[in-house]
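Two complexes come next, and they have one chain in common, subunit A, joined by subunit B in the first and subunit C in the second.
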Partner chain A sequence: MNEIRQLVWNGELNVLVSIDPSFLMKGSPKEMAVLRIRVPRETYLINYMPLIWNRIQDFLSFDPLNEKEKYFWFEHNGRPIRWNYPVGVLFDGLVASSATFVTSSGIHPENVITLFKVHLVMGKSLPSTVIPILSSSNQAEKFWFHQWKQVCFILNGSSKGIMSLSVNESRKFWRSVITRNFHDFTEISKKISPSRPRHVPIIIQTHKDLGIEVISQPTISMTGVNPTLRDIEQEVISAKEIIDAGSYVIVSQGIEIPWDIALFDLYLKFRSFDGFLYITLVPKISVARTFR
Partner chain B sequence: MSRILESENETESDESSIISTNNGTATERARNHPELKSSTHTVQNRLELFSRRLSQLGLASDASVDQQLDSSASSTYEQKEVNKTNTSTSEQKNIATEQKSRKEEPDAQKIQIKFQPIGSIAQLKPSVCKISMSQPFAMVILFLKRRLKMDYVYCYINNSFAPTPQQNVGELWTQFKVSDELIVSYCASVAFG
Partner chain C sequence: MIEYEEWQRQLRSLYDSQIFQNWVLCQEIRLIDDKNALLLCLKPTHKLQESAKIIENKSLDHIELYLTYSKIYSEPLLLLRIWEEKRSDDMIMTRLMFPCKVESLLGVEGKFRLGLETFISMENAVWYSFHPCDTSSIVGDQKEFRPTYLRRWTSIFVFSWLGYEDL
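Moving on, here comes the complex of A and B:
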């Protein structure tokens, strides 16, 4: 299992960040407005804000760290992106080819280069679904820690597991995310995860091609049973208007997941760095369209 | 505009407010169905608490409308009263069926939130409110900010974690409810880092 965890942990994406020209002074070189970075699936986009600011600081038309009247956010094809989900989860929900690596036999994954294009924009008001990006350096850390507290509560019925970590362990936990230290991350996350959870922390999102943006967090009870994905099909597809269960595939960490996998097993192998298991419902039509 | 959040004994009738009350409901039900009073100690205690609050406010006699219903439902209620004299019984049945089915829609169901202050921040009165299950948690934060007239309020579930503003209140209630109430603690500064 550790091998699968390690592969998931090492997953990376090519991200192209384009910066809106309004950030830059007139006459700034165009190449400064584009940033190509390789980003782990298991991180937040805002962890790269210092890198972005640093890259364009000489050409900025204002000081973003002291800006009070403007808000910044990321967009993908004109759609605001919620930075509070891991980059890999955003990719799975927005980019059409995410599920094709395993479903298309004629294509070798190593020959496919996918690019996650995001656009950094600003405005006087923030889209309603987006959490503001603050200038404080530890915004992501604080948010992530609360996610883990919530996960701990769902798994154990209280947040004692994570709250009883020492200050050093808490710091080490976040540092393991930043420095990509799989060993430290596994060691500390194990302390929080029980062998018999009460519920499984799961977040289900719909792919953009479904035309509706639904994100749900159902309560999946684990008392006395270890259900498979098939057993919780109703909870998975209860994401509002999605009715036909046979018309989509389930994707987690960019991989198509079979219906008969045990849920807790799936959780332990595929959970994200914030402790949640993210599942994306991808319509089969968008999978087929990519390689037509 | 229909109301989104309901508190237990607020009396203002501003339609644009996100708050409404259910005080009248409890009193009305208790009056019409005395058996409810003896059903459980909790219900009895709450009813007593309500009537005590009402008598303090001098509003007991005015509490006749089921204020749990939103404004559209209230208009249906009024319409129903008029229909008693003007329309046939079958039409009334249709309205009742429509009302019932509307109430049974999961998203239209309301859940209770209990607000608990942390530190020196003002206590919300009443401390228990109702909100539609389909609302995001951002609505709860907005309500607190308006009620407390503050720019920033930090909210925590079960004195433990801060949910994201995008999370669905109904899902939070299902996962973290205590005695059928979602416990939301609030503070003027960071309380649980």
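Moving on, here comes the complex of A and C:
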């Protein structure tokens, strides 16, 4: 299992960050407004903000770290994207709904470099579903730790596992994300994960036509059972939305997942760095174009 | 902790008690039946207004509180949004405010921890949440005190930092 975890941990994406011209002084070189970076699937986009600010600091038309009138956020194809989901999860969701990633039939997929294009923008008001990018250096860490508290509670019924980490261990845990230290991350996350969980922390995103997005967080009880995805099909496809499970496939960490896999096995192998298992329901037509 | 059914009962009871309606800060109150939640619109205290001026150089318009239930923690969950007043020419507008040091601005540093989150059950809207993981040890959930759990929680999580004064 560790081998799969390692592969998941090492997963990366090519990200092209374009910066809105409004950030830069007039006459700045156009190439300064574009960054091409290789980003782990298992991190937050805002962990790259210091790199972005550093890259453009000589050309900024204002001081973003002391700016109190404007908000910053990322967009993809004009739609706001939420930095508070792992980068890989954002990508999996956008693949399902965006033509940007569709590979032309005349090109061999192995010769195509897929770019996840994000645009850094600013405005006087913020899209209602986006957490603003603040200037505080520990915004991502605070959010991530809070996610783990929830995960710990869902798995164990209490936050003791994470709250009993020493200050050094907590720091080491976050540092393992930033420095990509798989060994440290595994060592500490194991302290929080029981061998028999009460529930499984799972977040499901479904993308449909016209960019409509449905996110759900079902409560899946694990007391005395280890259901397969097929067993919990109703919870996976969301009771709120009547959709045909047969026309969707399940993707986690960019990989198509069979319906007959046991949920807890899937969780242990494919959970994200914030402790949640993210599942993306992708229309089959998108899968045929992009994931295969 | 408090069971969901008990939360529903105590929330209704809290609403009926008129404690919020009689609160001098309360401008609007709405019981949201289908979500078993309570939305409050409050005018900012003088102290909050001063903090916003000093820390953010901004003027507050109102504070929104949303009392809801966390099914993860089986606890009441307090959400908060801060609205600032923006004046340009003859227009007065309001917009959401996201101070970096929100605990300092609210004067709850060291008492409560807050974080920004999006909430799936609220159309993924962004709110500050008061982290609820220590709630039962703060509020006390021994059997004899359970019938007044939410009233006590309100006293600690809401009135302790906003103050309470009757109309």
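One rule holds in what follows: the second predicted complex is superposed on the first by the 263 of 292 C-alpha atoms of A that agree within 3 Å, B and C clash if a C-alpha of one lies under 4 Å from a C-alpha of the other, contacts with A are read in each partner's own complex, and residues count from 1 in each chain.
Quick note on the criterion: a contact is a pair of C-beta atoms (placed from the backbone, for glycine too) under 8 Å apart; a residue touches a chain by one contact, two chains touch by 3 or more.
Predicted, not measured: the structure shown is a model, and the values here were computed from it.
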Partners on subunit A (subunit B, subunit C) - clash or fit: clash
Partner chain in contact with A:Arg82 - subunit B first, subunit C second, else both or neither: both
Touched partner set for A:Ile261, first subunit B, second subunit C, both or neither: neither
Subunit B versus subunit C as contact partner of A:Pro218, first or second or both or neither: first
Which superposed partner A:Gln150 touches (first subunit B, second subunit C, both, neither): both
Partner chain(s) touched by A:Tyr71 [first = subunit B, second = subunit C, both, neither]: second
Partner chain(s) touched by A:Leu60 [first = subunit B, second = subunit C, both, neither]: neither
First, second, both or neither for A:Ile37, with subunit B first and subunit C second: neither
Contacts of A:Leu126 with subunit B and subunit C, given as first, second, both or neither: second
Stretch of subunit B, among 7-15, 25-33, 79-87 or 97-105, that runs into subunit C once the two complexes are superposed: 7-15
Residues on subunit A lying within both footprints (that of subunit B and that of subunit C): 82, 84, 128-129, 131, 142-143, 146, 149-150, 153-154, 159, 163, 215-217, 219
Parts of subunit A lying in touch with subunit B, wherever the complex brings them together: 82, 84, 128-129, 131, 142-143, 145-147, 149-150, 153-154, 158-159, 163, 199, 215-219
List of subunit A residues in touch with subunit C within their complex: 68, 71, 82, 84, 124-126, 128-132, 134-136, 142-143, 146, 149-150, 153-154, 159, 163, 215-217, 219
Subunit C to subunit A touching residues, read off their complex: 56-58, 71-73, 95-96, 98, 100-101, 115-118, 120, 123-126, 131, 133
Touching residues on subunit B, where the partner in the complex is subunit A: 138, 157-158, 160-168, 171, 174-176, 192-193
